[in-house]
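Both of the next two complexes hold chain A, though its partner changes from chain B to chain C.
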Partner chain A sequence: MKHEHAKAATQNACKLCNPLGACLAFRGIENCVPFLHGSQGCATYIRRYLISHYKEPIDIASSNFNEETAVFGGSHNLKIGLKNVSDQYKPEVIGVATTCLSETIGDDVPGILREYKKEFKNGSPMPLIIHASTPSYQGSHIDGFHAAVHATVKALAVKGPKQTLINLFPNMVSPADLRHLKEIFTDFAAPVMVLPDYSQTMDGGPWGEYHRIPPGGTPASAIASAASASASIEFGSTIEASKSAAEYLDVMFGIPAYRMPLPIGIKGSDKFFSLLETLTGTKRAEKYEDERRRLVDAYADGHKYVFEKKVIIYGEEDLVIAMTAFLREIGMVPVLCASGGKSGMLKKRIAELVPDMDELGINVRDGVDFVDIEEESKILQPDFLIGNSKGFTMSKKNNIPLLRLGFPIHDRFGGQRMHHLGYRGTLELFDRIVNTVIEQRQNASSIGYTYM
Partner chain B sequence: MEQIGILEGRERQVLEKNSGVAQADIACDTSSLSGSVSQRACVFCGSRVVLYPVADAIHLVHGPIGCAAYTWDIRGAVSSGPELHRLSFSTDLQEMDVIYGGEKKLYHSLIELIEQYKPKAAFIYSTCIVGLIGDDIDAVCKKVAKETGIPVLPVHSEGFKGTKKDGYKAACLALMKLIGTGSTDGISKYSINILGEFNLAGEAWIIRQYYEKMGIEVVSTLTGDGRIDAVRRAHGASLNVVQCSGSMTWLAKEMEEKYGIPYIRVSYFGIEDMSKSLYDVALHFPDRPEIMEAAKQIVSEEVKTLYPSLQKFKKALQGKKAAIYVGGAFKTFSLIKALRSIGMSVVLAGSQTGNKDDYARLKEMCDEGTVIVDDSNPVELSKFILEKEADLLIGGVKERPIAFKLGVAFCDHNHERKIPLAGFIGMYNFALEVYQSVMSPVWQFAPRKGGSL
Partner chain C sequence: MEANKIIPDPSQVREELIQKYPAKVAKKRAKSIIVNDPETIPEVQANVRTVPGIITQRGCSYAGCKGVVLGPTRDIVNIVHGPIGCSFYAWLTRRNQTKPETLMDANYIPYCFSTDMQEENIVFGGEKKLKIAIQEAYDLFHPKSIAIFSTCPVGLIGDDVHAAAREMKEKFGDCNVFGFSCEGYRGVSQSAGHHIANNGVFKHMVGRNNEVKEGQFKLNLLGEYNIGGDAFEIERIFERVGITLVASFSGNSTVGAIENAHTADLNVILCHRSINYMGDMMETKYGIPWMKVNFVGAESTAKSLRKIGEYFGDEGLKARIEAVIAEEMPKVKAAVAEILPRTKGKTAMLFVGGSRAHHYQDLFSELGMTTVAAGYEFAHRDDYEGRNVLPSIKVDADSKNIEELKIVADPELYNPRKTEAELAELKEKGLEINGYEGMMKQMTKKSLVVDDLSHYESEKLIEIYKPDIFCAGIKEKYVVQKMGIPLKQLHSYDYGGPYTGFEGAVNFYKDIDRMVNNPVWKLIKAPWEKNGKSAGLAASYVTQ
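Up next, the complex of A and B:
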């Protein structure tokens, strides 16, 4: 690769910090308050960042470190904080995620939580407390997301009599995607435990009165059943086995884990629907055959617009991997597949789905920032960029159009309602991609074509 | 509806004005209660917002990635020239750096960024973790300053070492190191610095224009559309005019002590306070009466066009009720007056960082029964908005979804705004924004207005 010199500083980061992902995941549990063990700023910044995408109130509590806490340990603050959150929010679950601060001073959070439960056991009803270790100096937001999901399953899932139930660990997808996934399971008449499920908490209706915790999310009791399910499906192919909730359930409770990339594109979605057919012994509903047929038809109608168009795709590694496979099945060339994440698996996973990636000139870079991507773009000359809003700075500067997807979408409306998954999500993506090309052509022509 | 109580330990930070009885002062200036979901940020945030608009410096955040990522291009502070402030730089500390120290990475990052962007100065923000691993950032800054020949200024903004206000002070300390290092040759006797004006949506340009029309030289704006060279000669001005008093009063006091420059507090929001901020500056230069003449001229001309244009809004908004929850208390005073001038009353007023004097004055200004809060949280804000039947909430990004969920109009008076709300034109924009949100027909579908759930 061309510009692979090691930069010391990160410029315009293409990632966020670990605790953000954990807070989002905890919002997908019913009656749960995310709680950051660290400075007040972490909670506030993360709230602000999430609100700008989801447009929903997002309360994240903080243990609010001060100098004394940093010197003598966070035990006192954490306990007071948990007590206050319990009193004010009356949650069923509190999801505690650590930060760089509490991790660096070496707080023994599990020990503090044990003490807390002992000290306050006769007080108000004791919420279930989950602890995820999410130091900001490790990995990125997606690691915090998986850490919270893993910690939740570990804390709540208990062995029980086998049930007809599928666990779905959908990865960091949009509320619209989550609703769509649940609809698919309903149509298969297959009971499902989705974790996390923030489809309502992060994209809900109006309130008549203030809700301390917004309605929605997967109940703790349902998560408890995860250990007696018949199978787990986990989207994502860069989650280390030791951090995978599906893997944990497989090892501890013998629940078969089916791990696959995010179902984007026809092949990706086929794989998902076939898996559901196998697991449920039921054929997919006719409406999904219809959706697939419409998608195949759309591919035919739009193929010429997109063929051999060059794009740069960036975002979380699992999103980039699945998108790359999809872009290839419509004849586009993702000249750069980039991520701020660094699992070490990005290139390998893309190669598994796109074996001819080298001949096609597909470059893969992990651990990059937007200045790295910008430098690459000068050489690769893409037709447009595909990724979250944060690529807009380089998009504007270099006059390269940006097609927005994933998280965060801070400069457009409705990011939380965007579909990415299944035939339906793929069709939505395909429409938007084709329209990006058409718009580009229309704008570039002085004739003013009214049929494109 | 379920009764929502005030959290134990916060009762003294909430007060409902009642002149009939003796009421204790509101408690404030305290750190947030653990677990209370404060709307505040941290020390780093305080420093970052104050220095953010300095456009020809690089701003390097020393710590893990989050602090830099969440403040990338976060303010609506615009520049008339360089735009280095809109980039996000981080040392992106990793586990090994935490174990072995981040000084080397900081040094290399600085050298690399200074070479790449050729800034006039560099601000280095220390975050929580730097305070723990014991990096000597002062030493690194000194070394890099020597090698590169530009000021490299450490900002001690470890998130947990106090509140946002301490961050303001850390930022001002860095500015104080620059002030006094430039030449004051040619600066007029009739000159000012504009302090605590961040040029959100070009507001500093509006204000500057008024003063220049009055024949006043604006030496520097701290920090809106900020330039290092202008900051360096700020000590040459005759008067400091402080708007965001929470962040900049400390600096004004320091400059008074060190350079003998007096300061006044002003606000550019609303007709009354905007006019006063021009008159007060003119009053400082009594030996040149034409300055006051010009100020009167500006006010009269501006009001002549502004006043009639507000009547439509006033007619529509008459009797509507507002809730205010913003960062600094001084802004609430102006907002109360501005709202009254368009027919609205205030039923809830509060701030994240007000002090004792601020709250005393706030109480004095407010109507009977107005709820006053310090360092509030979403649960309390919602409770009072509903109980007091507010039609509008004025706040920032974090307050916006609370209002919209409850079917209440909202006006963004935070640092992300894209429309200028300062100056006379700002008052028009403010009234328009309030009108557009309060009068929208969409609220008919909100449950509190009878829509279904």
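Up next, the complex of A and C:
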């Protein structure tokens, strides 16, 4: 969309860089060490950023480029780095993601990896090495996330006898959501391969003993069987077919791919549960019917607070799309759906879920930063904002409340434990939205009130 | 109250740390793991490149330049030339605070400007986009200064940020535009970026405004970045004793103040590592001596103030300093009296920064706590052993790549603030001018000093010493706490602070008390887990 305020520089970005997403995704593989091929600063910054959201340690190795490496190529450093990570951490998998530096100099990473495997043929241990190309000058963190998932499946999935197994590619959701999704599959008695699964590695307990790599994650052996599953479910609305792990398995191994938006809201969750019922031939457990009933009950009780409230939603495109559908379901008007991402599909996908978007005055903008969003907000006058912590500056400046959602949340506690998906996640989200409105009204009231 | 802990024999600890390494690595690490002796001060290997694949806590040149040194000056618009990540990751992540005098005064710290380089910029060059970005920033704010920071790909694709800066500066006429070649791959750590930043700030900012402002005792505060409001507390004390702060490098600072810094009569240095270059350059060009001080710790603050009083040699100033110390100390003493019974005899480890691992030992000792091991993340030998080792530091390929400015005395502005005789006299009185004794002189005999502590070594040290508190940053925080040891962040202060001066000391005592005596640590292990044995740690690295 051409905009009259279009500018060359990005001010207050609404996206992070490609390798960050890859590191997070690699953290969802059991016994895996993420490895960045580039300067050590990238690993340090990305660790720092992921840790501030998840409040969990995350080790990311690096090939520590110096000036010489930058000029003559990173092959030597990459090999030494891989050897050291192998010796020190004894990982089963190393997930190598590139950076703008190694991509700019054009390092042939697959070639270097082939050489490495040859050179250390008899060396032990020899972990599985996955390579995802994640130049920071393309796309954003979510592209790196999907690139790592895609590369992992491509590297590890091997054809085998058909199994009763469903692959789930859940997108960049919270550890709490991942746990909830696994519980749903357990209740359907359906074996599932979730990739990535950082539900424990990025939200775990204290350690009785020291761990080189935190426990948790999907084992490489389970990922191998992705090619013999009976179906794949992928949450996401803007993942290009060529970058979709589910699509890859469909094309290469004939595993039917069911791609759907993130299941947020009643309709979204209904779609997900119906799909599971179809795929497993099992009816959903009574407890999910209860959860749905409680959610409907809450909508009925809470609609008066939120109905027709205007909101700006921002974040990764897939999250924004699913949230927009949900916000419409509860009668709110997302006057602006914004993302720093730029798949080119944002508006189209929203229109599919909210056909009357134009009549409702829903604006959609991709490739934006917070300055763009702030300019829009001056015209649109939203009641509040929904998105990550980086919206705080504009929230404070313009006195618009901010409901924190997505990544990164580093100015509130517990971002990693928030639910968004299914009836249960939607209910939690709904409670938070209603309370945001009530809190604002309570604070703004000169006489004050203490009950609703 | 806890009895004094038995401290393990450090020589044995050192052996244990090294023994699992292959011979070559053991030899390398042995030079960075040292048993201290304040009398003889053994050599510590520092500022050497981290081996690839060893997970280091170190950052990059860009982080040191943009994030640390330039970031805290509120009225420079900082444009990061590169892909989006670098700018995003340095966006308000350090807790450097700033207080514009009025609501109308410029403050660009909450902004994050980036050229957000895309593939076509990498292929066809990004200079054009950079110039448009500079123009946009200028049109939007009309700032006094715009600084440009190069990230990794910029140097490789051959964008000339300095030429772009010169061109735009000339075009605007009323805006000082300058660039930094602080690509992430330059140098060993963020320390390289500090040096690059010092050079740029000195070259492009210091000395642009010769107006001599009022004030009898004028100084600059160097290497204080106002994390958690530290500079505010120091400013408060300066004001009370009648010291005029001309410029701060760079916490709570402005372009105007830095441009005027050369009119001060003394530079006091807090973080020696990140800013000592500036002290030296200002000495050579303008004749302003520098002095190492420490405002972390109540006793150290008092000592530093007295040193400043002695430097200016004014009886009135000295008397005011004594009066202020006398007024401020009772609340500090009262806090210590209340807290010390709960902290006495406990142990701390500090692995952080290029000066904090030294300074914070003062606060712990005020709480009766022993620092059993300490080390820096990105310091050089002089920060450990003192500046007298400077001539013997070997210049390696990494440091050679960082420009050393050739500074000469300014023909008009050079004005030695003290004569040779006066300096000698001050030295006699125990005032070390242009000098720093380093961390090890202050640490006890047989404490352990480790540079660029590796992950493996930190786990091992925790296992052996079982310290009551570990001080580092957010990257170490959650792994240390998983093992049941509280970790105090000394980069961001865990959202606390200020910790400088008298009020800061009291804040710190309270925060440490809350952490080391918190009942939560007793809950870490479930009753059925109490017999858990520690898994063997491995350490077998390959060096280059």
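Following the convention adopted for this analysis, the second predicted complex is superposed on the first by the 448 of 452 C-alpha atoms of A that agree within 3 Å, B and C clash if a C-alpha of one lies under 4 Å from a C-alpha of the other, contacts with A are read in each partner's own complex, and residues count from 1 in each chain.
Throughout what follows, contacts are C-beta pairs under 8 Å (C-beta built on N, C-alpha and C of every residue); 3 or more make two chains touch, one makes a residue touch a chain.
Quantities reported herein were computed from a predicted structural model and do not represent experimental measurements.
J.: Evaluate whether chain B and chain C can sit on chain A together after superposition, giving fit or clash.
T.: clash
J.: By the touch definition at the top of the document, which applies to A:S269: first (chain B), second (chain C), both, or neither?
T.: Neither partner.
J.: Determine, under the contact definition given at the top, whether A:A8 touches first (chain B), second (chain C), both, or neither.
T.: Touch status of A:A8: both partners.
J.: When the two structures are overlaid on chain A, which partner does A:S339 contact: first (chain B), second (chain C), both, or neither?
T.: neither
J.: Figure out whether A:D59 sits in contact with chain B (first) or chain C (second), or with both, or with neither.
T.: Both partners, chain B and chain C.
J.: So which positions on chain A get touched by both chain B and chain C?
T.: In chain A, residues 7-13, 15-20, 35, 38-49, 51-52, 55-57, 59-67, 69-70, 77-78, 80-85, 87-88, 99-101, 104-105, 135-138, 140, 206-210, 212, 390, 393 are touched by chain B and also by chain C.
J.: Report the residues of chain A in contact with chain B in the complex, numbered from low to high.
T.: 7-13, 15-20, 35, 38-49, 51-52, 55-67, 69-70, 77-78, 80-85, 87-89, 99-101, 104-105, 135-138, 140, 205-210, 212, 390, 393
J.: Can you list the residues on chain A that touch chain C in the complex?
T.: Touch residues, chain A against chain C: 7-13, 15-20, 35, 38-49, 51-52, 55-57, 59-70, 76-78, 80-85, 87-88, 90, 99-101, 103-105, 135-138, 140, 204, 206-212, 390, 393.
J.: Can you tell me which positions in chain C touch chain A when the two form their complex?
T.: Interface residues on chain C, with respect to chain A: 49-63, 79, 82-91, 93, 110-119, 121-122, 129, 132-133, 136-137, 151-153, 155-157, 183-186, 189-190, 397-398, 401, 455-456, 459, 463, 473-479, 481-484, 524-525, 529, 532-535, 537-544.
J.: If you look only at chain B, which of its residues touch chain A in the complex?
T.: Chain B residues touching chain A: 1-2, 4, 7-9, 31-45, 60, 63-73, 86-95, 97-98, 105, 108-109, 111-113, 127-129, 131-133, 159-162, 377-379, 382-383, 386, 397-398, 400-402, 404-407, 445-448, 451, 453.
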